[in-house]
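Order of writing sets the chain letters: A, B and C. Residues in each chain are counted from 1.
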Amino acid sequence: MIGVFLVFPGLWTLYIGATNFRLTGVSAREPDFVGLDNFERALTDQTFYHSLWLTLIFVFGSAVVGQNGLGFTLAWALRDARKWIRRTLEALVLLAWILPSSVVAFLWIAMLDRDGGTINALLGTVPGIAWTVEYPLLSIIVFNIWRGTAFSMMLYSAALSSIPPSHLETARLAGSSGTQTLRDVVFPHIKRHALTNTLLITLWTFNDFTPFLITASDYDAEIIATFIYNKAIVGGEMGYSGAISLLVLLMNLLLALVYLRVARRRLA
Amino acid sequence: MAGIEISALTKEFPGGVQALNGLDLSIADGEFFALLGPSGCGKTTLLRTIAGLETPTSGSVRIGDRDVTRLPPGARNVAMVFQDYALFPHMTIEDNIAYPLKIRRQARETRLKHAHDVGSQLGLDGLMRRRPAELSGGQQQRVALARAVACHPSAFLFDEPLSNLDARLRLEARTFLKRLQRQLGVTTVFVTHDQAEALALADRIAVMEAGRIRQIGTPREVFGRPANTFVAGFIGSTPMNLLPGVVRDGAVLVAAQQLSVLDVPDGEVVVGVRPEYVAVTENGPLAGAVATVENLGTSSLVTVDVDGLSIGAVVPEDREVEPGTRVALNPTRVLVYRDGELVS
Amino acid sequence: MMLVVKRILTYVVMGVGTAFFALPVLWLLSAPLDDTPTYAVRPPRTFSLDNFASIMDNRYAVASLVNSTILSLGTMVLVVSAAALAAYALSRARVPGRDALIYLLLLLSSVVTGTAAMVPIFLLIFQLGLIDSHFGVILVLTGGLLPAAIFLLKDFIDTIPPSFEESARVFGASPLQILRQIVVPVARPGLATIAVWTVVQVWGSFLTPFILLRDPDKQPAAVLVRTFYTEGGSPNLGLIAAFSLLYSIPVVLMYLLAWSRYGFRFHGGIKT
């Protein structure tokens, strides 16, 4: 099962990427083998680079910095908060994570709307800003932080609770300040978790399709996921989007390998 | 009821770890037999091989008059109690005890009645409807025993049966276990790393090290005349004094003083004396200053420095000495080891 | 002094955090009950249940919930049974390089279930003639979720001491008996967690059914909710809000159920 749905698509993408397969027309019936043409096209395509750049900003802003940072901050702040406060906030964060993606997408369309949107009401902007049109990338970054912080928060609170209390107490007895404790005791302990977490949320965000539901095909927020969708399903250019899929796949694997490398060297 | 015969048993794990190395062992019918050794010595592997949970690389296991080497565990008619008791958390105590009978397709009523009989024999009345998690460690251990008793095996195999109990409970459970074994008269093999437990419970002990048996004997033999320095160092709650010495014309010398005269060839030896057999006196062959005194309750362990050697001696509670006092030591029951093996 | 500043800082962080996470969700609670909902988060002007009634009138709405249920349950059965067997085998077998294999699969699956695999999966299903078929979607979702399910379940089965099975073996139980009488009952919390997790994942999944199901009669709620527009072309807010709420409730309920019964078994040590 895993073989069929994971390995096979990988290989097949390679084949598709090397043909001019289209959903309709002549080449739908008899795809020609065009070798590396698709890959060459991708690597010289300005819109592909544009989309890749947007994706990098999106992933870095929302996952690496946003979810990681907010997740850790929440986990740290809630560590010894009162029980009902912790429960409530955790439940809310978790709710953002478990609600179906079509629903949360719509919630944020509502939040960001120009006329009735809550964000504009809060900021008091008159006339309202059409966030999804004017700042589409920022919109989906904020959205994705909201959406995915739960995982980081849970992972970090599990990590924090695994620090032996005696270590924290030793730091306190030695008179170290809050930041010193964080640096010398907490971070070394959760380094491994932080790496794993960053890797997972990076890969997830890279491949997340939900932003499409908010910004649709807006060119200024056309992250790779949307780009592939537009080319393949809307445009029917299977061969070309297959080539891009493969490039993305390779990038993801490369990313994973780099992380594993770092993890092994740092933590060996 | 049956004895257990093990011959030339070898077990090699993938990766080349030799857990058992050509073992021969004969356990008599009805015997209470201990496998004793430090962790990693192969004692648990041996027990699991008898149970059939491990397949030996070569050699054979016989239980009674059957060769069971290639039989699956369930066909060997043995019962095993695991270190963590392995009580099934989703079953009540009665279902746990009756589980072996369920496997044998006995009717539910028969097996529950039997479970209750065994349960009350082991003092588990009133707990039968509970679940394992609601029981104390000692009670859980009895349930595990009851489950083993309920299937009327030809041999019991216990893997560290007392190690999960706290110290006080352990003594109580030890007495209980010994009485139970006497009552049932079933051949019992148990694994332990605690030499006191082995001495207290077993009819005979096999001391193991690195996949081999270093000595087999009754508790008295193993304690009184350890066959080699490994066993000598392992058995005894206060470690045996193992002192460098020489034999010259039959005279055993330690720190240039003669301890005894024995019929052994000349040469360098290791001299073993239990602290319990070293008397602290006014005049003895070895003299030195008292370094430390450790209170053991009814006695004290006195460590004396003699010419750079630390020698332990156990003194009764009214004969304590102050640290720093000069004393003389008079060892008795002197054992002599050459190349690690007992020569006299 | 420092302490007071720290206190205040902590509360500000929590206050802002709460607002950030709560605000969007509030709309989901208020708008469905509003007679004339807008995008604004506000208490309902005129309280009414008309929006829910209009769901009943929409021919696709109810059917889509049924479709979501079919997809969720179908995938759950496949994922749970396959993951249970695979996880048990992986947990108990002494296979060299086992952990690396699992980790690799997990990475690969998180890469491949996303958009990168959209094209090949679409084509695969297209060529198999499974477009517009629930079975096709179930297969694809199962393939995507299985590695993570195996990983989570293996973690759980690893905590079951092997002595349980060994004990049963010594009493003469057959492998099938051991699986049925010992392993499955003991692993039930883990299996239930995986089942809930699978259902929630499938219930919310958008991309796969979105590209594989074209027929609105077969689309699950996740896809259908995007088609609720009024005749004027603007989104039908009342219908969307009410339907979203209805559609979200099962997910929340399942999480609450799993939470109350088993607690969140979150293993912070997703180790390499």
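As a convention for this text, a residue touches a chain if its C-beta (ideal position, glycine included) is under 8 Å from a C-beta of that chain, and two chains touch if they have at least 3 such contacts.
Keep in mind that what you see is a predicted model, and the values were worked out from it rather than measured.
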Residual chain clusters - chain C taken out, nothing else repositioned: A | B
Among all chains, which one's averaged Cα position is nearest the averaged Cα position of every protein chain shown? C
By Cα centroid distance, the chain farthest from chain B is A
Can you pull out the chain pair that has more C-beta pairs in contact than any other? A-C
Distance between the centres, which are taken as Cα means, of chain C and chain B, whole angstrom: 53
Would you kindly tell me how far, in whole Å, the mean C-alpha position of chain C lies from that of chain A? 18
Just curious, how far off is chain B from chain A if you go by their C-alpha centres, in Å? 58
Within the complex, chain B is touched by chain C residues 94, 161, 163-164, 166-173, 177, 182, 185-186, 188
Which part of chain A faces chain C closely enough to touch in the complex? 1-2, 4-6, 8-10, 12-13, 16, 21, 70, 73-74, 77-78, 81, 85, 88-89, 92-96, 98-104, 106-111, 113, 115-118, 121, 146, 154-155, 157-159, 161-162, 178, 192-193, 196, 199-200, 203-204, 206-210, 213, 224-225, 228-229, 232-233, 238, 241-242, 245-246, 248-249, 252-253, 256, 260, 263-264
Residues of chain C touching chain A in the complex: 6, 10, 13-14, 17-18, 20-25, 27-28, 31, 38-41, 82, 105, 107-124, 139-140, 142-144, 146-147, 200, 203-207, 211, 221-223, 225-226, 240, 244, 247-248, 251-252, 255, 264, 266-272
Interfacial residue positions of chain B with respect to chain C in the complex: 14, 51-53, 72-76, 78-80, 82-84, 86, 88-90, 99-100, 103-104, 151, 157
